[in-house]
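Same chain, two partners: chain A is paired with chain B first, then with chain C.
For the complex of A and B:
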């Protein structure tokens, strides 16, 4: 009989659980502030005109997107990897002191990088590339964090006792490789210090500020290849990894069809990378590329629904668990929102629909039913499942979790319905014209009409934030005051009243 | 034949190839049911369900693999 350790080591997982929650609160709070700034513009200068630089929409917007993408979501990916990875590979991370050291190093370097991002973006230091606003020194630090993540991942895989890799591990590997490739190519940039002006002057730029190596249409293409695939490899692939582990484990049900999970994996990998062109419909990008983006977006329904249906069918015969457990509710609704937004996205990518939808709030609604309903719900469910196992305590309160679920669900519904109405109204008003082709409305007319929907969106976002604070409180109380567990629960997570 | 024709034929050929590959893969999975190690694919769900450090791996790394 070989020597096996007594359990798994969750030190690094716990560290990233902390950043998931803290950065989630920061990112969502800024999001709510932004929503109310759009509805009530005076909030842009709420701290006075002297500080308006730091409180206006355009300064805060990248902080919101980057905090929820690279803060909340990526921390959630790290936290769940350091939990799921060990378990399905049946290896304790502490068996390798080197991996433990590198995991902690990754965490602390990540924290330093996050601090640099917050300070630089608040100060207005930005490359102005959407979702890639960080200047080159921060980009390099992010690359180091990511490489450490990869070394840990493949280090753990190298030490495994289970020869086959569970489907979630495939998805985590795809996350690592996908983001590495996207991040490197989209952030190719040149410090302006190295530039020469038309008059031949040198040394006129700054050492930290940079410009993209791509220009014009090429820049747009690379940007949206990156932007859309950040959705693929940040908001889809690792979240699918999570649900393939946490839903079967929490419910005690085997995946409905493991073969379907393999098929969906390869389908997603082949198709997703080609769909980014749908962000550039009716732009200067070659027409065939736009058509290709549309077609691949439609085909993308198949692998997305393959995973989502597989998850819903996993609950076959066990639907009473959905009624009984708020934790299962989060995952089943998450999976449903995944189906819903992966149908909505392809619809928006159809050229004739996009002619109305492009640049409108419908797009914002689409992103948020995906991230709030799918990504947010799944990461919170994962952390709820992990909490009793890493803290060895019962989840503090089931009723608090159930209330949170309904408050947040209401928040998501208010968010996306208001944005649908706002978006389609906006799209129709922009196009309306009289019989001579004169536009029927000016821009400010749309702003007036949209005001109530912007206010509703703010309320929806606020409800979601309140739910997230309830989640943070519940996890905090689990950690400090939950009833201690003698034995690790096999499936359903034990919860206090 | 100009470059546009070549692209069109190439596009068609690749589409056919990828469609055939996809369906062949589906056929392969459902016909064989088992992978090269002789494990039914569906057994692999147990990697998540039985994931205690003391549980028996579905497909353990044998001493031969470590050589």
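For the complex of A and C:
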């Protein structure tokens, strides 16, 4: 019986693949709308002034960030875990009806939570803390979803046949622990319905409203410890998990260096959490914390580049695959964007650079070259690799995949170049003084000058969205009209099936 | 050691957790008591101001406006004295923002008036030509949530000892008392009294009529909050 090749059950992986695509479209579409609202403010009332409250920039902005972080990216993390986890641990989810049930429960609860998030953010129910906007009832639901994810992860690990945990599993475990810790501490809040007035009234006002456990500078400190590391454990750690699995599998190459992966994993775990202070340079948090944030941001280049170099060297001797396969293109360019973005971040964390960059569009550009070029590319590549194996059909169109790659690459380049120029222009104009020592520009001068860059950014974002729609179409056609496969697409990977 | 960890998921997870957790302990914990003390002259928000702050949050004004003046000449010239930690002692949540699509607002109460805000929120580009800020017309009809603001006052008073109905030291050596109602009805009466003072400087007849009939539109609460930022 043990000699029979293992089958895997992708029911839950398929469910999360669906939400990855749907929420990706939603999040990116809102992003494009926001970009054009900044370039052409009349778009704020695109559905008429009666609905302006719900289409206006500030109301939609948290919906964009949360849809791409907790919708697109986290769905992608779940989808890939339910695919990769079984394979590297050599267990079939169907072996445990309990885990299968919990996986489906996690999915449906996730869908309900997402719906609640969309409605509440549109209605303006928010705590205002970035990427932690949800009020306490939704926070509780998110905690349950996350615990179910953890139970499933450790359940599968407990059942494993392969005793050694593969590198990807290290990163998935770190994702689970990191987000759990950060999310819990940053969202500590007291529901206002608990208060009692002198007249003895309770449950006053809206039942879902709460106040943060932390005030002012402390709140900022906890928030950016969270905010920066939500990036770490949402946009870096699980994406590294994906590339450590999918690049060797797709290319048939073994990981270049185990020791390098060891160094970059533990290095990343140790260093990342310190760097949050770079969001608070020149603020009212103590100077030593700001300096720590700055220094550790520079140190962070080491483990980040360790992973990226390990990936690029994995392709050693096989570079012709980059030209031949659009899927490898996505992953190799993804690693390159990761290197680029993890160099740009530390540069912005240097105090003198930060004095210009902070509060400007350069930061927005930095986030997007990371998420569009690295996170987005890697998740799409992962789904492209999974689709033939999950649906047992060939990818519908490789040429569509190749055109998508170039359209999206152009989109990312337009995005970050325009935001660099916008950010540095604005940062320099804010600080410019004339020869008498007066401010050279009024604030509005520094806004109107950005118009062309905002328009270019909008076009860049639109190109990326078009590419994503091509991706969605390609996956849909693969599911429904791809050529059926007799057996799994072969690859010469030394890691086996 | 690493090979052993990779075969023992429990200890592996513990190792990861310890590695990621202690940076937070070292960076965050020592600052807590120090940073939460108010500077002299910082007063808790009144009911109406807090309701206005919630309007600010509801519309994510912090997506485009910071409330943090950095200690640079260009910023103190433009916005006033650089921000001090203790000035945020009653800010739950903090509203520093991370992007200045519009200008900083930490001391906007020093240089903008009720009248200016009223015109500006209705049509920003009419007041500041070239502005890309959207119109916030719904704030003139939606009513501010005074009850929730009152519940918030009670919460911070009971859980975090924010000094309501107590003398708070001011810069000139005097003291001032920020009142909090003893009941929902009293809180609403206090907010309405404050709103009546603000609408004296406003022109919108519908807003004036609403306040005269005991209702408080969001814009009035928001202006109360804006005026309190000094």
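Heads up, the rule we're going with is that the second predicted complex is superposed on the first by the 472 of 497 C-alpha atoms of A that agree within 3 Å, B and C clash if a C-alpha of one lies under 4 Å from a C-alpha of the other, contacts with A are read in each partner's own complex, and residues count from 1 in each chain.
Basically, contacts are C-beta pairs under 8 Å (C-beta built on N, C-alpha and C of every residue); 3 or more make two chains touch, one makes a residue touch a chain.
Everything numeric here is computed off the predicted structure, so don't read it as measured data.
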First, second, both or neither for A:164, with chain B first and chain C second: both
Partner chain(s) touched by A:90 [first = chain B, second = chain C, both, neither]: first
Which superposed partner A:245 touches (first chain B, second chain C, both, neither): first
Partner chain(s) touched by A:105 [first = chain B, second = chain C, both, neither]: neither
Contacts of A:262 with chain B and chain C, given as first, second, both or neither: both
Touched chain A residues, chain B compared with chain C: C
Touching partner for A:270 - first (chain B), second (chain C), both, neither: both
Which superposed partner A:424 touches (first chain B, second chain C, both, neither): neither
Contacts of A:44 with chain B and chain C, given as first, second, both or neither: second
A:192 touches, of chain B and chain C: first, second, both or neither? second
Footprint overlap on chain A, comparing chain B with chain C: 163-164, 262, 266, 270
Contact set on chain A toward chain C in their complex: 37-38, 41, 44-45, 49, 52-53, 56-59, 61-62, 124-130, 154, 157-158, 163-165, 170, 173-174, 177-178, 181, 185, 190, 192-199, 201, 204-206, 209, 211-212, 214-223, 225, 262, 266, 269-270, 272-274, 276-277, 279, 282-286, 289, 292, 355, 358-361, 363-364, 430-433, 438-439, 443-444, 447-448
Complex interface listing, chain B residues touching chain A: 18, 22, 25-26, 29-30, 37, 39, 41-49, 51-55, 57-62, 65
Residues on chain C engaged by chain A in the complex (per definition of touch): 2-3, 6-7, 9, 12-13, 16-17, 19-21, 23-24, 27-28, 31-32, 34-36, 54, 57-64, 66, 68, 70-75, 77-78, 83-103, 125, 128-138, 145, 147-152, 154-160, 181-184, 186-187
Chain A residues touching chain B - in the complex, by the definition given at the top: 4-8, 87-88, 90, 92, 160-164, 166-168, 244-245, 248-249, 252, 254-255, 257-259, 262-263, 266-267, 270, 488
